[in-house]
Every structure is written in C-alpha cells, then in structure tokens.
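There are structures below to look over.
Two complexes, one shared chain (chain A), two partners (chain B, chain C).
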Partner chain A sequence: MTAAESLPIATVAEPARPAWVELARIEVRRYLGRPAFLIGLALTYAALLPYLDGDEPTDELSMIAPAALLGMVGISVSAHRVWASDRCAEAAGPTPVVQASRTIGHLAACLVPFLAGLGFVLVTLLRARSVPTVRGGYAEVMSDAWVAAVWLALGAVSCLGGPVLGVVVARKTKRAAAPIVTTVGLVVAVIVFQGLFEPLRRVRVVLPWTYWGGPFGVDGDPQRSVVLSGSPGWWLAYVLVLCAIGAVVAVRADVEARTARSRSALFVLAGLAVVAVVLAMFTGTAETIVSPVPGGALSEGG
Partner chain B sequence: MAGRFGGTLRYLLAATQWSFLAGAALLVAGGVALVAGWPEALWPLHGSTLAVVVGAAAVAVDERCALVVDVGPRPLWWRTAVRSIGPITLVLVWATVHWVLRARLPDHLEVLVLQGAVAAGLGFGLATAARATGRSEPGTVLAATAVPLVAGAALARPFETDLPLFPVWPHEDWGRAVAIWTVLGVTVLLVAGRALWRDARPRRALGDAHLRDQ
Partner chain C sequence: MPSTVRFSHVTRRYGPVAVLDDVSFDLTPGITALLGPNGAGKTTLLGLLSTASRADEGEITVLGHRTDGPLAERTEIRRRLGFLPQEVRFPAGMTAFGFLDYIAVLKEWDDTSARHAEVRRVLALVGLDDRPTIKVRKLSGGQRRRLAFAQSLIGDPDLLILDEPTTGLDPEQRATFRATLSERARAGTVLLATHQTEDVAAVCDRVIVLVGGRVAHDGDVAGFVASARDRVWLHDRPVADAVATWRDPAGGVRSVGGTPPTGAQAAPPTVEDAYLLLVGPAAVEGAA
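So, the complex of A and B:
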C-alpha cells in the first residue's frame, strides 16, 4: 500500500443549492430590515387609511405612493446594500462566490419592494370593485383591464424597477452620491415626461413612472380629467422588459458573466423593449380623451 | 487672535468638501429655477431640491480623519460650528434663489425659505447627533436614507390635508406648514444641542483634571 493510498481523501460536499439562493435569502432579510424601506412602506400603506371611511372614493391617483416611497427609495436602498456586501466580500478575501452570484442575490431582494407594491395595488383594485373611484376620473372612463395595467405598472413594477436600477448604479460606480443624483435626475425626467407638456405626450412612454391620466385640464376647465394616448398593456410589458435589461446589465458587470449567452439575452431584451415601447406609443388610445365630467378638486396625475 | 482665526480658516478649508457643496448649490439653484420656470408642471421637483439640501447638509458633518481629529484639542462643538458654514452657505443659496425668483413662485416666500433652513438643519443636526456618538461619517448614510425619502414624500404627499409639509396650492394650509417646519427645526436644534453638550461634558471633566494635575 502506497502512502497516497493510505491517506484519506478529503472531499468537499457539493452544495445542495446554488450560492445565489442562500445569498438571496440573506439579502431579502437585509432589505426587509432597512430603515428607509420600512419608513417608505409605512408611509405607503398609510395612504390606504382613508379607506377606513366606507364613503371615501377609491383614489385612482394613489399609485404615486408606492412608486415614490418604495420604488424611488429603492434606488438608494439597493445601491447601499450592494456596496455593503461588496465591502464584506473584500474583507473576507478570495471566496468561491463570484460577484455575479452576489448580484443575483441583490436582484432577488428587489422582489421585497415589488411584492409590497403589488399588495398595495391589489388592495386598491379590490377596493375599487366595492367603492368606485372619483366620478369623471380616468378609472371611470376606461376599462377595468386598462386601469389594472396602469396601476400594476405604476404601483408594482415601479417598486421593482427602482431597486433594480439601484443595483445597476452600484455595479457601475462606487461614488456615494450616485444613487442620490440618479434619484433626482429620474424625478426631473419623469416630471418632464409625465404628459403635462403636450408635445411630449406620445413619447412620454419611453420613461418608466409616466402618467396615463389625471386632472391635467383643458381650455376653460383647468381641473378636467383626461386620459393620455397609448396602450398601458404594452407599456406594462415594456417596463418589465426594462427591469430584465437592468438585471442582465447588473450581472454582466462581473467580467466572468460577460458570456455570449448573456450578450444575446441583452440584445433580445433590447429588441423586445423597442417593440413594446413602439406598440405602447401607437396602439391603444389613439388621442387624448377628455372626461365628460367637469373638473373637481386639485390633485396630481397618476 | 490672528492665529486662532487662521486655525479656524484652515480647518474650514480642509474639512469642507467644497466641490460637493458647489455641486449641491448648483443642483439647488438649478432645481428652484426649473420650478420657477414651469411652476404648475414642475412643482414636485421643489421637494427633491429640498431633499438635496438635507443630504448635502448631512454630508457636511462627515469627518474622514475622525480617528485623528477626535483626540485632538478641538472639541466637537467647535468643529461643528466651523463646519456649519457649508450648510449655511447652502441655505443662503436656497433663500437667494427663492427671493430672486419669488414672482414666479407661490406667494409664501417665508415658508419656502423656512423649509430650506429647517431641511439643512435636519440634515446637519441629525448627522451631528450621530457624529457625537463616535461615528466618523454618518452624513453619507443619513443622506442615502433621507434624500430619497424626502423626495418620495414630496412627490406622494401623504396626509397632505392634515400635515401640509409640502404645500403647493393657494388653498392649502400654509400657516400649519410654518408650524410644522418650526417644530421640526426646534426639535432638531434640541437633539443636536443635547448631543454636543453630552460630548462636551467629559472634555470639561478631562480639562478640569488636567488643570488639577498642574
């Protein structure tokens, strides 16, 4: 018997699950504990409190609450989570977990705000079945499917897109001000493309978080509700594809993940995004629809 | 006297992140100018600009060389006082831009200026309170949380009827907004003042002991 034969061979057990699954669990827990997320969550769901009054109409403009307080806040939350885990990885030295796996873990954690936003949308949709929205608003003028597409895109997908954007920002730069500048820049862009400026109404759908209707007013009635042109169904598909593009871009920040397959996926997704946004622009409602009901109280679009 | 002034100036020049402050001032001036250009459409941007004031004022507290500076002879209250020049400059920019563009903004200049002053106080005061607990760069962390939350709250405007933090339209309760921002300002002053007072106590005790040793 040789020496080599006598030595016990140390074997490393194959992990039962891929590394990113465990990382995703950790990141989900950490996202749930972030103060900014918790404050945003509390403020978002507090927007439902007026519904305790059974006579209060369901607010068709309330989707701005999850979009801003979960989605927009998610940019910073995600970016700082990524940087924090990178610091831990650097401190730990060489580990078998590659950056791409960590990124997937962070992307999985983006489902936390998404589910919170989805809950908000579902509650609003259910409430709207029993207590209608304000008379003459866009939700009364349009079909249930149209309204559901707008609310899902604004109230739920925005809560996914913001955090995914945060992961992308963190993977592209280490500058602490980057998420803040991104947030402010996004606010400016979204406000300009919200549909208040008539020449931009058709192309406004290239941006996420744009508006589809609200009391934008007409000549002689500054508070009259209008419905903006386009197809919210295709726009919902478009913003979901944007989230997927963000996820692939974030993963590809790791040099080892820049495979031909991921590049092909990126090209396919970019093609899908172009098709979806063109369809969102030119199908559905052809022109701006003006509500037959005169305008009421002042409020924002949604 | 000249030496003391020179030391203060040297610390101010070294401790303030001038490029960051200039960038924030530019964002503030640009943001308010945009709002004044198209007030009805771009008003939600005003809250985001206010969020930048909170964040920039918080970052002004960050002390990269805390390990060295904290054991130096200059107490935290002195360093905080010198560092406050940055946020004060930002508030001056905020107030000046509002005053220059007041014709195109809501007719409540005092509320808008108060918002900027208290926003800077909130960022600077809360970061100072955290700094007094020994954290070297709490401002960046605070800014990362506060900026999106303030911007988000200004967009969504939850409880706007009862708590008009970001009033826009003439029919809103601007008087209550003044009361809310004043309470916020006084609260953060007390929080920051208490933190600096508590930080100064052991130093006084140490100083007494030192004197007794002599």
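So, the complex of A and C:
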C-alpha cells in the first residue's frame, strides 16, 4: 500500500458551471467601467457626429477612430486588467480555478470593445448604403461586400485584436511599459505597411491593420484616390484568425493548459492564417487601381 | 489521528543546491509551527505543499492526493487549501470586498449571493467588516495583512498554510489573529511559518525546525522548550560563549547557552531560547 492510499481521500463537489463564465461576467463589467475605454468609446462615437448631418463622404479613414481609440487603447486596458487579476491570484496561491480560466474571462471581455467597434461600423455602413451620395473614395467604385469587408476588418476586428493582443502581452511579460511599447511598435509597423511604399503593397496585408485605398495620390495629382490590390474578404478572415491565434497563445501561457488539443488548435489556426493571408495577397483586385476608373474594369474578390 | 499531510523523503533542488534535502514529516489537525532561519527552505516547502511547485525526489500527499499528480488531483488539493503567501501585492484599484470577491471566484464560489456572504464572513473574522468598500491602497500595512489573511480563510479550508502571517501587525491585531487561528485550528490543519516565536508559544501544538533544508527538530512545543532547560541564564553581565545575549526586562542580562559564570541564575526557557540553541551554531557555520 502506498502512502497516498493510507490517507483519507477528500473530494469536493464540482462547481455548477465552469469558472470562466463567472470570470467573464466580472471582467466584462470591469472592462465597461475602465475610464480609458469609456473615454475612447465617447470619442469614437463623437467622430461619427460630423457624418450624421451632412454629405461628408465616409471612407476607411473614418475607421481610424475605433481602431485607435478602442483597439489600440484596448492593448493597455486588457494588459492592466490581466495584471490586476494576476495579483489577486498570487495573493491566494494556487487555486482550483487556474490561470487559463482567468485568461478566458479576459478574452471574453475583449468582446466589449469589439461590439462597440462593430456598432460604429454598422452605423457607417448603413449610412453609406442609405445615402449613396456620401460614399467617398473607393466606396464609390467598389462593391458593398468589398467595402463592408474592409470596414469590418479595420473598424471592428481591430477593436477585438487590440485587446486580445493586450492579453497576450500581459501573459508574456510583467514589464509595465510593454503595452505602450507594443502599441507604438504596432503604429510604426502600420505606417510602414500602409501601402504608401510600392514594394510593400502586396505584402502589406500581413499586418493586422493596413489601408485598402485612399487619397494617396499619383505623379502630378497628389489628391488622386487609389484602390490597393488584394482581397479584403480573405484579409478579414485572416485578421479574425489572428485574434483566435492570440486567444490560444494567451491561454497556453498557463503551463497547465498546454494540452495536445490546444497545440493542435494552434497549428490549425496558423495554417489557416497562412492560407488566408496568401489568398488576401493574390486574389481580389489584381493591381493597384488609380481612380477615377470605371467600376466594371475592376477585378473584385473576397 | 489520520495525517492530513505527508512529506516522504522530499528533496527539492535549485540547480546543484538542495534547498530541501530528504525532508519527511506528517501533519495532523492542529497548529504546527515551521521555524527556521532565512534560506532554510521554509518558503520552498510551503510552495511544494500548496502545489505551486514540484519536488525533485520524494512524495507529498495532501488529504490523500499527491501534489505531483495530474491537474485533477492537484485541483482537489487546491479546493481544500487556504494559503497566505509571505508577500502579497494587491491590485491598485480594488476595494477590500472586490479583492476577496474575486479570490472567492478563483476558489469556485460561483453563486453570487453565497459568495458575498462568505466574503462578509471572512472580513468580519479579521475585523475589516466595517470597511468593505475602502480601496485596498488606502488600508494600513496591518490592515492589508489582515485582508490577505482573510482570503486564506475563504471556504474554511481543511489545510491552512500561513507564511509570516503576523508581519506588520500591532500587538492588539496579533492577539486577535491568535484567537482567530486558535478557533480555526479546532477543525483543520494549520502550518504556520514564522519568525515570531511568541506566536508559536501562544497558539502552536507542535514545532518543526528546518535548518539548511533538513528537519532539525520535530516535536511538541513543550518538549521543544524543555530542550533549553538549564541552558538559559540570568546574570549581571553576558555569558562569554553564549549563543545570544540581551537585556532582560526584569534586570540583568539574559544569556542563551554557554558556560554559566558563578552566580548566574537559570531562567525559565522560551521557544525563542530553544530555537536559538538549536539554530545558533548552524547559523554561525552558515555565515562562515
């Protein structure tokens, strides 16, 4: 008989529901109460006001507001929420609810800025659909599906991706400056890969935020609008897969959650991301198009 | 009485250094003190016991479950465990209630009303029930320590592991802590790692002393104190070869160990005397 067998076995009843459900509820409520989020939310929707009354054209530049004020701010908001919960957990020592469950709670809270960004995009899309004369830039010549894919990726998924990235950052490091450094690094990368530089135009879609057109100008006409090559539909799929990869990476930061299943999920998602980004590069609009162009001449996709 | 905890030939190394070396003991219900100089391996031992880390050799069972078992087995241990770490970093913006409420969720209290009732109960146990909504950052050091103690009491755990619980507490708070702990020990097992030998004398049934990663003493408190009988002296000057000397409140100098000079009076020993006699030479060797 082993030592373990000689001792009384004590068991406690399983909880009624998974702990992450309650943790998600708590973290959603706390995310909603974060001043940085509330200020970002107010400013994001304030950015809609000039468009609601008048014929100001909307374009992807409008999507900078949610992406910056909800998405990028979300990197810091999420990271600090994770660290705060880590401190609570450290104070209690090992608990039956493991780090991975807390991480899932934080990931659930990322839906808060995502839904806020989604609301912004839907309002913008509805306005562009109901008042066609206000469609500006590429929105004048590209299909509704093309425009919707670009705006959803830029204005809504970015509001999910930023906070998810914040959770990943917090799970990988405890350095207080990490969220800010990540945010600045991301901004620099986006500037470099925004499509201004010809050699990077096709590969720009590897970034989680990039331009699909705008008044980039051409020789002799700096105000000329441009539609960049690629498929925004596949790119939308790609950035969503990136969010999923971030979620799995964050959960797997807990050594007790590094199961074969989660590793397989990571490989599958990585494969999907590669496929989606390659399709985003090489399908859809074949070449960079300078407006004005006849809509029928465009090769749309995605 | 059945063992709650069994350490069996446990060794834990950091690199080539064995921080715990072939440690064996059982714990039964009641309060056991864990004494030892800094670096003796106390915090490492508590980490192993709480399932935070794993032993390199040997076997640890808690309430019949192995601490190096699969996650489900470790979870069973964690459900019955209350743990107060030596240092607690509190989240900046939380209230006392919010802090405990969150930890209660981590301890699987998923029913909100029951959880809130439990939080109020443990706040009352540590005398903070009148300040549930105060921000943690506004609490004094002693109040924070009591708040940290409160979280370890959530769910009335079968095994309570406390690492330096009375650091920062004033004498009144310490007396309250002792009363709470004594009450708690009637139903469960408490392992109290401390440098406060007065706490050991006041509340503990048994004492384990770790020196250099090994168990140097394991026995009841009375026997431990008795080991210092006729080795503690009161005189008007320090004993030359004593392990430690200090001024006695009753007058004269108290010397622990050494050869008593003529006229020295034997003094009733304390836990501290016994500890110094046991650890003093080892500490001197360690410093050399």
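Please note the rule applied: the second predicted complex is superposed on the first by the 266 of 302 C-alpha atoms of A that agree within 3 Å, B and C clash if a C-alpha of one lies under 4 Å from a C-alpha of the other, contacts with A are read in each partner's own complex, and residues count from 1 in each chain.
The rule we apply is simple: contacts are C-beta pairs under 8 Å (C-beta built on N, C-alpha and C of every residue); 3 or more make two chains touch, one makes a residue touch a chain.
Keep in mind the model is a prediction, meaning the values are calculated, not measured.
In the superposition on chain A, A:Ala36 makes contact with chain B only, while chain C stays out of contact range. By the touch criterion defined above, A:Phe197 lies against chain B but remains apart from chain C after alignment on the C-alpha atoms of chain A.
When the shared chain is aligned, no partner comes close enough to touch A:Val150: not chain B, not chain C. Shared-chain residue A:Leu160: touches no atom of chain B or chain C.
Of the two partner chains placed by the overlay, only chain B lies in contact with A:Ala176; chain C stays clear of it.
Once the two complexes are overlaid on the shared chain, A:Met72 sits against chain B while remaining clear of chain C.
Legend: residue contacts after superposition of the two complexes on their common chain; A:Val97 is shown touching chain C, with no touch to chain B. Common to the chain B-facing and chain C-facing surfaces of chain A is no residue whatsoever.
Looking at the complex, you find that chain A touches chain B at residues 35-36, 39-40, 43-44, 46-47, 64-65, 67-69, 72-73, 75-77, 79-80, 176-177, 179-180, 183-184, 187-188, 191-192, 194, 196-197, 298, 300.
Contact residues on chain B toward chain A in their complex (touch as defined above): 20, 23, 27, 31, 34, 40-42, 44-45, 48-49, 51-52, 55, 140-141, 143-145, 147-149, 151-153, 155-159, 169, 171. In the complex of the two chains, the chain A residues touching chain C come out as 3-4, 7-12, 15-17, 19, 21-23, 26, 83-85, 87-98, 102, 256. Put simply, chain C touches chain A in their complex at residues 2-3, 6, 8, 50-52, 59, 61, 63-66, 71, 74-76, 78-81, 83-85, 88-94, 99, 102-103, 105-108, 110-111, 148, 151-152, 158, 161.
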